[in-house]
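Two complexes come next, and they have one chain in common, chain A, joined by chain B in the first and chain C in the second.
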Partner chain A sequence: MRGFFRNRYLQNSADDIRHFMRNPGLMAVTAVLLVLILIFIVYPIGSVLIKSFSVSYPTVTLRYETSVAASADVDRLVTHPLLGVLKNLQGLESARATGKSGSFAIHLRFQRDWDDLKGLNDTKRSISAIQGQVDPHVRKFTYRLGKESVNSIASYRDFFSNSYYYRALRNSIVLALVSTALVTFFAFCFAYLGLKGPDFLKGALRVMGLIPLIAPPFIFALALILIGGRMGIFTKLLHLPFNIYGWPGVITAQVITFLPLGYLMIENVLRSLGTNLEDAASDMRASDVDILFKITIPLAAPGILKAGLLVFLMSIADFGNPMLIGGGVSFLATDAYFLWMSENNLEMAAVFCVFLVLPSMIMFMIHEYILKGRVYTTIGGKPQQSEKRRMSPKIFYPMLAIVTPLSIMIVLCFGMIFIGAFTKILMVDNSFTLEHFQSSNGFYSLVTSLKFAFSAALIAPIIGVTLSYILVRKRIPFKRILEFTALLGFAVPGTVMGVGYIIAFNAPPLKLTGTFIIMIINEAFRNLSVSLEAGSSKLHQIDVAIEEAAVDMGAGAFATFSQVVLPLISSALVAGFVYTFMVGMIAVSAVIFLITPGNNLASLYILAVAEEGFLGMACAISIMLIVVVAASLGTLKVISKYTKTEVF
Partner chain B sequence: MTRTTKLLGIIFITISVFTWLMSAPVLAGKALKVYTNADVNEMEKWAPEAEKAIDMQIDWSPRMSSNELWSRVQAEAPNFQADMIWGFLNSHALIGTQRGWFIPYKSPVWQDIPANFKDPDGNWYGYNYWFSAVVVNTKLLADKKLPTPKSWMDLADPRYKGEIVMPNPGTSGTAFLSVSAIMQIFGEQKGWEFLEALDKNVAQYTKSGSAPSQMVAQGEFAIGISWDQAIYGRVEKGFPIEGIVPSEGTAFDLESVAILKGCKNIEGAQKLIDWLGSKDGQTFIGQFRSKVTRPGIPGKVSLDPNLIKYNALWAGENQKRIMSEWKKRFQK
Partner chain C sequence: MRDMADNGSPIILELQNITKRFGDLMAVNNISYALARGKLVTFVGPSGCGKTTLLRIVSGFIEPDEGRVILDGEDITRIRPNARDTAMVFQNYALFPHMTVARNIGFGLQMMKKPKNEVKNEVERLLDLVQLSGLGERKPHELSGGQQQRVALARALSLHPKILLLDEPLSNLDANLRVMMRTEIRKLQRRLDLSIIFVTHDQEEAMSISDLLVVMDQGVVKQVGSPTEVYEQPVDDFVANFVGHINFFPGEVTAFGREELILKIDQVDLKVQRPAFEVAPGDRLKAVVRPESIDIVDAQTSTGADQNVMEGQIEVAMYIGSVMRYTITAGDQTVYVDESDPQYQGIFQEGKAVKLILKKRIHLLKVQEA
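Our next item is the complex of A and B:
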């Protein structure tokens, strides 16, 4: 049996390959896309993996020439005395002597985090101590600093043997699990109440559930600091003995930030369930509570799980919230950044990235390959005609009690940002001021963000939609692999792409770090998959017959694509553009590794000033950012509605 | 395709191309790219003034604390992304010179500035110096009935538990200066003992050396370790804070500038160095920093703080080792 399926798969592949080979245009385009994806997605991620398995030692190489003829004499007169005094050097790992016939070298390897300049100076000092003894025989000494990279799992060993490393992994996973549980819980209540509850609540709930979307992801951390930080209004007014930094702050910030994602997905699921089964159960005298727990939830379970997995992914990749309000608690994304920023320890940062990728990959695989298509929808042939039932008070009031505090919190957060932006220093000098809006650098960073997001948004849809056309309509071999790698850029946390780009593009032939271009490319390829999905969904709505008709009338493949298909799916291009633009404005976790003088982004600038305690300025720039994002989101909704394209 | 869609499409494309063109880097003359460890609010005033003096646009790095900056420079070597460094620790300037990362420049303007403030070959120049100090919020201390600390050792007093905010020596030059000063004052072993005791009192480690001043000024903590101007600048603004130089002495750092190898704008870099050493430049900087290096130009602070004989080279050579150890012990 197994052989049967395998042969079929291979046979199909063989057919695909044959068809592919006959079509040079298709081959060219696919080749270009493949190369781009390989370079800008696979190569960086691969480099991270390789880097995590390498360890580098600082080395000092001492070369010398001697006028002594016999090598045995050289050993006795020069090499051994040198080695004798060098092997006592501080921080030395190993010393090795090589060379012959006049030209020799001693290769000194120092401990991993030893300062190589200190090693060099210590070496010079040691040698000058026995200078007199070896001088007559040696013509000259030259020194060279170097780095030796060795393949080893030493970094992993370090990771597991030091608590300040592995606790980042533990904390990140715990955080993700807690956030996921809370977000799905709240999102379900919001969605259920909105869908089945009284009509007057519908609008309010929808707004509450979705409005966090317009705020850059770490804005709520900022707001929470204003509310519950050491100088927060609640902390001060209520004289609370604790503050919100650390776990409470990060969890709360994440729950608010990811609520819209959960809400959208769960509402979608609940809506498509239809009420048939629930009505039937009700007719059979089941109580509302029973219906909720025995029918609605089990039916919606796969969809809820799907939402949960996505929230898990986002939580583990979250950089801004732990950075602002984490209060020093170790998390994978932020620790990886500090490992690179303040210790220049790329190897350990790579290890952290591997541990960031693993849970994400697992979750993503489950999401894409197991849950896809398993979402239960009730598809009836006839339109459903049922009266909207009144929700039982036993469900209504508890849900209301759950939903209200969170809604108040959301409103409070937005309110605090506004207040903070217009107040000199909150709780210290509450006078009204516009000075926070006058930061020239803040404004400049906003302009840079606009340029950045705009450029990335131009590239991503073009590549994404072209790719979607090839994947949906054309026959190419190993489609799955191409699709998978394109989605990889999205599934992998931003930190990994950031570190990967630093490792991959820091040396010729592709030395691109420090340029504006590399930031744009990074952002574009990270968001390919959204344009891909938009294009795919739109293509599925279009009948193949239209393209076949074009071909029948003599249009070539390219003409068909550009004159027939492209206009029809243009809304996908636009949707991809707006989405990538929106995400680009609030990008943080990947680009923080790539910014350089003159290329500061608004989102990162907010983090920087907030960290220095200039909360008012942070709020002001945040408001400007919110305005831009809200405008883009509005545009996206209008396009979605107008052209019926699904982007989410 | 309907007419409306076509029209929309054309408008969209036109706007896109137009914006794209407008956003292309069109510079009237080249920009000078600098890395700096100066505070954001300092650079926002310094850069425009400097731009006027050298008649060139200055692109300055998003704010990096001293060790972050140095880490970045080390990572990029020898292909630096910036033209020069305007403001970094002297320890690092010494190390960079040894590694041959700078382009030497003998500035004529600097001739009459004392030799101990500049590299003999012109690899780096020190244009002002600052020292680390303790900042306290007098109001908070009074409210909590705590005595004012007067020395480093005082900070280890368990009475101050949870009241101290200090920068992280891993990222901040201020903190690293303080830590290496402590090592040099007390010797390494006693130094580590002191740091252990201090750590128990520290509520939070911040990334930058200035943040503690802001936080103590805002009343979030009673005591902070920071640097002189961050403190005195806020005293001037009217915050209820006071700067204290510990009785055992404190270390000072010579804020340095250097031109990085591979600099694409030598002319601009040299002009900036000239300006920073000139009477005008020094007077301007003197409005912001405690002490400038040109004789006769006053800085903001006229008192002579108790400065130890700080060995910057030792600090630079041992930084990695000490930081590793610090992380092992105190990284939460």
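Our next item is the complex of A and C:
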């Protein structure tokens, strides 16, 4: 049976390849997309993995030119005496001599954490002892500092032997688990109440679900610092002996940040369940509480779990919140940044990245292979017209009690951002001011952000939607692999894509780090999947027969695509554009590795000034950022209205 | 009258002036009706006629704007679905996909806090009743459509409801299974003496299964009657059309006696039994004739009297197996005729001149003013 399956699979692949080869246009487009994906998604991620399995040693290379003709003589007269003194150098791991005809060198490799300058000075000092002996034979000495990379699992050994490192992994996982559990719990209550509770709650919940989409993802951490930080309103007014930095802060900030995501997903799940089964249970004498626990929750469980998985991924990849409000607690995503930024320890940063990816991959696999197809939706039959039932007080009041404090917290957070933006220094000098809005660096970063987000939003939909067309409609070999790699950029935490880009594009032939363009490429390829999804879902809605009709009328593949398909899926292009633009405006985690002076983005600038304690300015720029994003979306909406393109 | 339905059986359910609007749409418009115990009554009508809304008002999922629902003497209008003595079989069965068949069937009893043993025995009995013994541990998606249907039925029966509500229960089954299942439902209803409201849009299904039909259109009841009554003596064009193919012959009353009257259509005189309502010469009436009630013979055949005979020409002859369906032009009129057992009767070719004999079963309707 297994052999049969494999043969059939091979047979299919062979057919696909044959079909593919007969179609040069398709081949060319697919090849271009594949190359782009390989270079800008697979290669950086692969580089991280390779880097994590290497260690680099500080090296000192000593070169000398000699007038002695025979190599053997050089060894006897110069090299051996040199090695003789150098082998006693402090921290030396190995010394290796190379050379031929006039130019020779000794490579000195020091211990991993050895200070290379000390190594250099020690080398010079050692040599000076035998200077007189070798000088007659040597024309010139040159020294060079360097690094030597060696394949090794030493970084992993370090990771597990150093509590400072492995604690970051433990913390990240604990944080993700706690945040996920809380978010799914709260999101379920919000969604359930919004869907089945009184109508007036619905609008408020929707707004709450959508606003954070255009706000920088760490805005709640910022607000929480204003509320419960060392100089926070509550801390000061109530003379609290503690502040919110650390675990309570990060967890609270994450719960509020990811609540909308969980809410939107779980609401969708509950909605798609329909009321049919609940009606049936009610008909079978079940009380409302019974229905909730015996029917609704079990049925929604796979969908809730799915939402939970996504929240888990977002939480573990979260950068801004731990950065701002994490206090002294270490987390993988942010510590990978610090390892690179302050220690230039890319190897350990790469190991951190691997441990960032592993949980994500495990979750992704669970999602793909266990949860897929286990989502219950109402099967068959039209949705019945049914009156919204009054919610039982036994459910309504407990849920309201759960939802209310969190809602107040959210409103309070938004309020604090406003108060902070218009106050000189909160709790120190509470006078009104507009000065926080007058930051020229802030304005400049906003303009950069606009350029950045706009450019990325032009690239991602074109590649994503074209790819979706090929994946959905065309017969190409190894489709799943192409799809998987395209989605990888999104599935992998931003920190990983950041570190990956630094490792991959820091050397020729693709030395791109430090340029504005690499930031844009990074953003575009990280968000490919949304355009891809938008394209496929649109294509699945369009009957293939429409394209077949075009071909039947004599249109070629290109004409069919450009004149029939493209107009039909233009809304997917626009949706991809809008989404990429929005997330580009508030991007943090990957681009923070790629920014250079002069190319600072608004979201990163906010993060930077907030870290330096200029909270008022951070609030003010946050508000400006939200306004700019909202205004851009408004403009788009107006354009779409006049051009009659469907956008939202 | 309060406790007895039209035919003398005690009443199980009474609907009093039920009205329900959805926005501007009048879904159910002032319907009053009393159902006899132990009968299978079918609400039938085109989609949007209000039949499902009415059913869901009985089950409690929709609250009527006006009117009362009285079940076995008790006003249940404001009682929630889970406290009503009704049980419903849903159109798509609404089986709980995360529970086994046995747990599905036992769910209602479990909710009523019956002891585990009792639930188990009852589930076994019900599985046996719907011929699903041994499938209790399966999940619903592991069953065929027909089996799922039986589970839904068993689940509803588990509550021993005073009235069983079936909402288009057969519409998701294929044609053969549908016929089989409706026979089974009918047998079960007779055996257990169940009171059932059955909702369907399929007139054939409705006719074949019911004791009584309630034909609905646009939120009102058009006609209540046995299948025969509704088919043979429809109260208006809508009902006549809805329950089968039909020919309308509008004409004028030219003469009438004690038993019969003459209706002149085109050039032909139709001798028909007098209807129950008052008629006078000169009245415009409509003869309503089912296609199978018209005989068709060769134009050369001598038919004796001219009365009740029309001449025409075969326009289309369609062979459907059990019947031959002819579309015939007779003067200005298009007439549909079904001839059963066509191989035996002989088939008329298209274009052939024929005579139509309208002798049997002619029903008269007043011409409705537009």
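Rule of thumb we're sticking to: the second predicted complex is superposed on the first by the 572 of 648 C-alpha atoms of A that agree within 3 Å, B and C clash if a C-alpha of one lies under 4 Å from a C-alpha of the other, contacts with A are read in each partner's own complex, and residues count from 1 in each chain.
As a working rule, a residue touches a chain if its C-beta (ideal position, glycine included) is under 8 Å from a C-beta of that chain, and two chains touch if they have at least 3 such contacts.
Small disclaimer: the values here were computed from a predicted structure and weren't measured.
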{"item": "When chain B and chain C are modelled together on chain A, clash or fit", "value": "fit"}
{"item": "Partner chain(s) touched by A:Asp279 [first = chain B, second = chain C, both, neither]", "value": "second"}
{"item": "Touching partner for A:Pro298 - first (chain B), second (chain C), both, neither", "value": "second"}
{"item": "Centroid geometry (CA): angle chain B/chain A/chain C, rounded to a multiple of 10 degrees", "value": "150"}
{"item": "First (chain B), second (chain C), both or neither touched by A:Ala534", "value": "neither"}
{"item": "More chain A residues in contact - chain B or chain C", "value": "B"}
{"item": "First, second, both or neither for A:Ile639, with chain B first and chain C second", "value": "neither"}
{"item": "Partner chain in contact with A:Phe338 - chain B first, chain C second, else both or neither", "value": "first"}
{"item": "Gap in Å between nearest CA atoms once chain C and chain B share a frame through chain A", "value": "33"}
{"item": "Common ground on chain A, meaning residues reached by chain C in one complex and by chain B in the other", "value": "none"}
{"item": "Chain A to chain B touching residues, read off their complex", "value": "91, 113-115, 117-118, 121, 145, 162, 164, 229-231, 245, 327-330, 338, 340-344, 346, 425, 427-428, 439-441, 450-451, 454-455, 458, 502, 511, 513-514, 516, 567, 570, 574, 595-598, 600, 604-605, 608-609, 611-614"}
{"item": "Interface residues, chain B side, partner chain A - complex", "value": "1, 5, 9, 12, 16, 19-20, 23, 25, 31, 33-35, 39-41, 43-44, 59-63, 67-68, 71-72, 74-76, 79, 81-82, 95, 98-99, 168, 170-171, 204-208, 210-211, 214-215, 218-221, 316-321, 323-324, 327-328, 331-332"}
{"item": "Residues of chain A that touch chain C when the two form their complex", "value": "276-277, 279-287, 290, 295, 298-299, 376, 378-381, 384-387, 389"}
{"item": "Chain C residues within the chain A interface of the complex", "value": "22, 52-53, 56, 59-63, 80-83, 86-88, 90-92, 94-98, 107-108, 111-112, 155-156, 158-159, 172"}
